[in-house]
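Look at the two complexes coming up: chain A is in both, with chain B in one and chain C in the other.
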Partner chain A sequence: MNTQTSAVSANMSAGLMSIVKKNAVPILFAILSILSVVVAKMNPLFLVNEIITRLARNAFLVLALLIPVSAGLGLNFAIVVGAMAGQVAVIAITHWKIEGLLGFFLAMLGSVPLAVIMGYLVGQVMNRAKGREMITSMVLGFFANGIYQLVFLFLVGTVIPMKNRSMMLPDGVGIRNTVDLFGISRALDNLWRINVAGIRIPLASLLLVVLLCIALHYFMQTRLGQQMRAVGQDINIAAVAGINVDRTRVIAMILSTVLAAWGQLIFLQNISTLNTYNSHEQVGTFAIAALLVGGATARRATIWQALLGVLLFHTLFVVSPSAGQAIIGIPQIGEYFRVFVAYGVIGVALALHAWQARE
Partner chain B sequence: MQPGNCLYVGGIRDTVAHVLEMRGINKSFFGTTVLKDVDLAVDAGEIHALVGENGAGKSTLMNILFGMPVIHNTGGYEGQILVDGEQVEIPSPGVAMQLGIGMVHQEFMLMPGFTVTENIKLNREISRPNLLSRIISDKLELLDVSQMGKDSRQALDKLGVDIDHWLPVAGLPVGYMQFVEIAREIDKSQVKALVFDEPTAVLTESEAELFLGAVQRLSEAGLAILFISHRLAEVVAVAHRITVLRDGEVVGRLSQNGVKVERIAEMMVGRQIKRPALPPRTSEPSDDDIILETKNLEVQMPGERLKGLNLAVRRGEILGLGGLAGHGKVAVANGIMGLYPASGSVRIEGRELPLNDPAAALQSRLAFVSEDRRGTGLLLDESIEDNIAFTSMQSQNRFLKGSVPWQGLRVRDGEAIRKQALKTIEELDIRCTGPEQPVRRLSGGNQQKVCLARALTLSPRILFASEPTRGIDVGAKSLVLDLLVKFNRELGMTVVLTSSELAELRMICDRIAIIYQGRLVGILTPDDSDVEFGLMMAGGRVSEVGVG
Partner chain C sequence: MKERLRNLIAQLGVPRVIIIGFVLALFVIAYSTKLPIGPLFSASLVRVGMNGVLVLAMVPTISAGVGLNFGLPVGVLCGLVGALISMQMDFKGFMGFIMAILFSLPLAVLAGWGYAALLNKVKGQEMMVGTYLGFSSVAGMCIFWLLAPFDNPELVWAIGGQGLRYTLTLDNHFGKVLNRLFQVSFGGLEIPLGLLGFFGLMCLLVHLFFSTKMGLAVKAAGANPRFAQASGIDPDRTRTVGVVLSTVLGAIGIVVYAQSYGFIQLYMAPLMMAFPAVAAILIGGANLQRATIGHVILGTFLFQTLLTTALPVTSRVIQGDISEVARLIISNGMILYALTRGDGRETA
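Right, the complex of A and B next:
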């Protein structure tokens, strides 16, 4: 009897160990988050509000990463390109003063053709850089940023006729560094918002995230989704089975880019100002950091990992400046801490995954 | 072709349409003729074996049958292909599939992360339409997973294998993967003919037996089967008819009755394969002079665990390690060389060898020709000469020049490497365009010779060769074995040969140690009876069986 129970408990502890090993990344970051919350001594109401806002604001962008991962394209740093497509649309509707929900949905609609074209181009490049997709997508993001700057700093007001005092730089060429998005400010968030014991919940935005989750879940069980998973597993075998590998990969990139454009629009309507030349820059890094924190890898990522990742990453993001201040006592340390957390997270998560892969 | 060379037994019955027929196939690549007027016909319910050495034209013939792009890109072919008596054009593999010709590949075409069912139904998924799929594309139809499962079960049952069709493929034994591959082909409802390309090359003897049983069931069910194999014994065992190719020509058609393996081998090679008695030694190895001794050696090699081996290797002998797959014989060399976690004790000439340290093993002048030739054995994209010199450069600081205080800063000595490479290429008869040719482009047999050349360059005291003849053709096989004997007799190298093929162990070894369930059950001599070998590989001894 005694030996039996000890065997059972040994079994259980072995099972527990394997669970811990499998989920080492999210567990580590959960512990880190909890410690930071304790150290920072933050107002819990403020913290919860902040996290819910950020969940509604960022989840869509993180979910946009899932399809390329399952299609074997790795972590798609090129969602930056999608974010730019969203920003182009938002600049257009702000210029034409189309306001409110109509403006927001028109921006979503307007970003689609651009995102599809960009996604197609990115996909084509990725097909020529098989096996090096992640670094390729990162560099493509930088490259697209150069074109984006050229267009909005120089071509707008010269080649592209546009006159708008409030949005443009004083000499009439180029868009201002910051553009007030008064038209679509909180257009989605305020559509349906409830207040529970001091916690403001933007139900409409969250509903959109839920809808996307359901759509992604459904998508992975379709014929196309199965083909993507097959391509993600092994390109050669998929090709032998008659799957058009290149086309499937391009479709994955297009879908990801369109979702990223929409994700960026959701993000912007919440923030309410467009940092014309910066808003998109860290979209890729932050979304990928969040996904990795949730326990995903470059080869496998689920919806739950994406959501958990957003939760953990942004908790850490919110509390780390206060925690840093509480520990070291210098207020300026806060901003440094955020950058440190974002990049540190990617580094640690990738290292931990490598360690797990070797196990 | 000389008429006397062609043993035509059975004959092609022209009155009945063959399921699959290829007539007068000619093909040349850039002026070199690789197929000359080849005829081949397969009937329903027949197992037809196609044998020939590497380069005999088997692959080209199959590429033509499946309309592979490589054929069209090199000027097409001459001749006719008939399916059920009707002439057909096969411009792509997809068309071959539609015509009911299936192929089971030599390398597994399976998705490791998918379940058995998902693999069987790969890109032929059953799905049901819905609102979205009707509007946008049928690609958005949802999969009917339960029906897919039922179909897969049916296909597996036809083969007589009992695998859970919801398991992921990743953890399955190699033999089962082969079955999944076959199940995928027979699940294609219109399949009439199946081509197996070297299906047993990666299987162990026991797995191969199971597999051959399944092939026989399929032929009994009326499928036409074309079977390409190097293992002549199994060809003789299962094939109804045998076509032998040599240098692109059909040199023999044999029927099942009364065919001897030796006869086929002779036809394939075109010269008498003879096994002369092994050259004598000046002094026979004995237990008085032990070069390597293991005590309670345990090796954690997945699928091949060794659970405490006590073995003594005599200086100057060729020791065989035999046993069934999964019982740990492969782990011996891998453990001693430090490639898998090992514990216990290994003494070389009385001195303790540090375990789990490949560098120490190499410095003790042990060399290893790995069973995983392409994975751990070779740097595939590097040249032959660099592959030959690499390990010696790293572990013995040879082939380096320059006098600098730190060894790591010395540069490669191209001249010395070239000299050594040319010497070994000649000695080992490596067929290549030159020492600069990347190893990837060599045939399996020649890649294996490069592995041996590298081991030889280390001038080891003990050479471990694991499955050195796996997946290479008959001619190359005997060359590799001859080389091992040569190393042993002329250089006095002690050789430990691990092999799944008992026949080759018995051909060149002095003693054969049989590993069963991770332990040594006994050591036999090559002259011991088949019964003795068979029993010991199943864990028993003749005497013990007698006791009951």
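Right, the complex of A and C next:
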């Protein structure tokens, strides 16, 4: 009897251990988040509101990372390129003063062709850098940022004819550092927003995220989705099985880039201002860090990991300055700590990924 | 002639030809808009000496088979700590410069050793892991700068007395000591012989290292780890030597950079430090497997000349400071070009 229970409990603890081991990263971050919340003594209503807002704002961008992971391209740091495509569309509709929901949806529509072209180019580059996709996608993001700045700081107003006092720098060349997005400000969030006991829930934005989750789920079961997974598992076997590997990878990048453009639009309508030259810079880092915090790896990422990751990462993001203030008395510590966490979690996840790949 | 030209282009690679053409074009524009060439060229030379050692830090990792050292900030941070200790202890002038390097050396060896141990576990993904190790070290060190036990009033915030300032001026310490050392004027040209001499000395030391037994082993194991192993060389050990050397050069490099700049920048400033250095050596003709001192010198010269001349020249033609944007496009474009060349190396 006694031995039996101990055997059962040993079995249970072994099972528990394996669960803990498999989900070490999200568990660690859950503990860290809860501790920071307790230490920071934050107003719970404020916290919940903030987290829901951030979930609606960021989840779409994080979900945009899933397809390239399945297709074996790793973490797509080049979603920055998609975010830029979204911003180009936003600048266009703000310039033409198309406002409200119509403006928002037109921006979504308008960003598609650009994102498709960009995604195609990104995919071509990735195919020339097999085995080094992640570093290449990261450098590609920086490179694209240079081109983006060239266009919006120097070509707009000189080569590209545009006249708009409120959006452009005083001398008529280049877009201002910050552009107010009055027109589409909260266009989606306010479309359908409910208030439950002081908690504001932007249902329309969340619904869009849910729709994307469902679409992704079904997409992975289509023929194309299956092919992507096959390519992700083993390029050589997939090629032998008659799958056009390069084409599949390019399609994965195109889809990711388009989704990132839309994700950035959702992000921007919530933030309501466009930091022309900074809004997109951290998109890749923060989205990837969130995905990894949810327990994903560079080879396997699920919808649930993406959502859990956004929740945990952004909780930590909201509370860490207050926690830093409460523990050491310097709020900047918390700010640097969250940057450290974002970079650190990516570093650790990549190291683990490379480590496991060798074994 | 056409044949020879085509051969030359094939040998140099298209991006290098474009960059050389670009530099030449800038000088032609400078000449035709009556911009004084002398000062432009002098400024370029200063920038070469200022950045050269950081670029040189790429050679040991590439030779050791680790690839481009995107984790250069690890070494840079060690150099910054060394410089701060030297300033805290109030060493002045040239002594301050030497002490900054001496203080940073043990830190760099230790940090480089740890960095190498990590890289040996992630073969095939060294560049990516290195990048993020560098990024997270920079962010982690931000917390250190806030809490570090420095109390020299020149270093810490005036209010509160704790936490290092964002930018520290080196005027009272070792600012420009190398720049001013043996500076000679020669027909309208200012040549910072001391600064360039120090860069040359570092190049020579690295060159000499690679002709020692250890250096040759590092190179051999970098070129072909399996073959090296068969002849009794431990590739993990030679990789460690390469990474430590690179980290040490990174530390020395930032001290040289800081003295030339006249300021030390802390917090997020070192974040992207690796990228211009990586770009420079690639512009010089290096690839992911092979890098020489010649690549370092040529690359640093071309890249820095391009950056220094781009601003004054282009501002005559267009408004605004295009040099920052040019730097982004050229450096990342160059890295991208190197990454997308097939290299026949197995990758994980």
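Definition applied: the second predicted complex is superposed on the first by the 340 of 359 C-alpha atoms of A that agree within 3 Å, B and C clash if a C-alpha of one lies under 4 Å from a C-alpha of the other, contacts with A are read in each partner's own complex, and residues count from 1 in each chain.
We take it that contacts are C-beta pairs under 8 Å (C-beta built on N, C-alpha and C of every residue); 3 or more make two chains touch, one makes a residue touch a chain.
None of the values given here were measured: they were computed from a predicted structure.
Of the two partner chains, chain B is the only one that A:234 touches; chain C does not reach it. Contacts of A:25 after superposition: neither chain B nor chain C is touched. In the superposition on chain A, A:62 contacts neither chain B nor chain C.
In the superposition on chain A, A:289 makes contact with neither chain B nor chain C.
The partner that reaches more residues of chain A, of the two candidates chain B and chain C, is C.
After overlaying the two complexes on the shared chain, residue contacts for A:174 are found with chain C alone; chain B is out of touch. When the two complexes are overlaid on their common chain A, residue A:353 makes contact with chain C while staying clear of chain B. In the superposed model, A:212 lies in contact with neither chain B nor chain C. In the superposition on chain A, contact of A:146 is made with chain C only, not with chain B.
Comparing the two complexes, no residue of chain A contacts chain B in one case and chain C in the other. Of all the residues in chain A, the ones that touch chain B in their complex are 218-219, 221-224, 226-227, 229-230, 233-234, 236-238, 240-243.
Chain contact summary for the complex, chain C toward chain A: residues 70, 118, 121-125, 127-129, 131-133, 135-136, 138-140, 142-143, 146-147, 163, 267-268, 275, 318-320, 322, 324-325, 328-329, 332-333, 335-336, 339-342, 346-348. Put simply, chain A touches chain C in their complex at residues 125, 128-132, 134-136, 138-140, 142-143, 145-147, 149-150, 153-154, 158, 171, 173-174, 328, 330, 332-333, 336-337, 339-340, 342-344, 346-347, 350-351, 353-355, 357-358.
By the touch criterion given at the top, residues 93-94, 97, 105, 109-114, 118, 122-125, 127, 133, 137-143 of chain B touch chain A in their complex.
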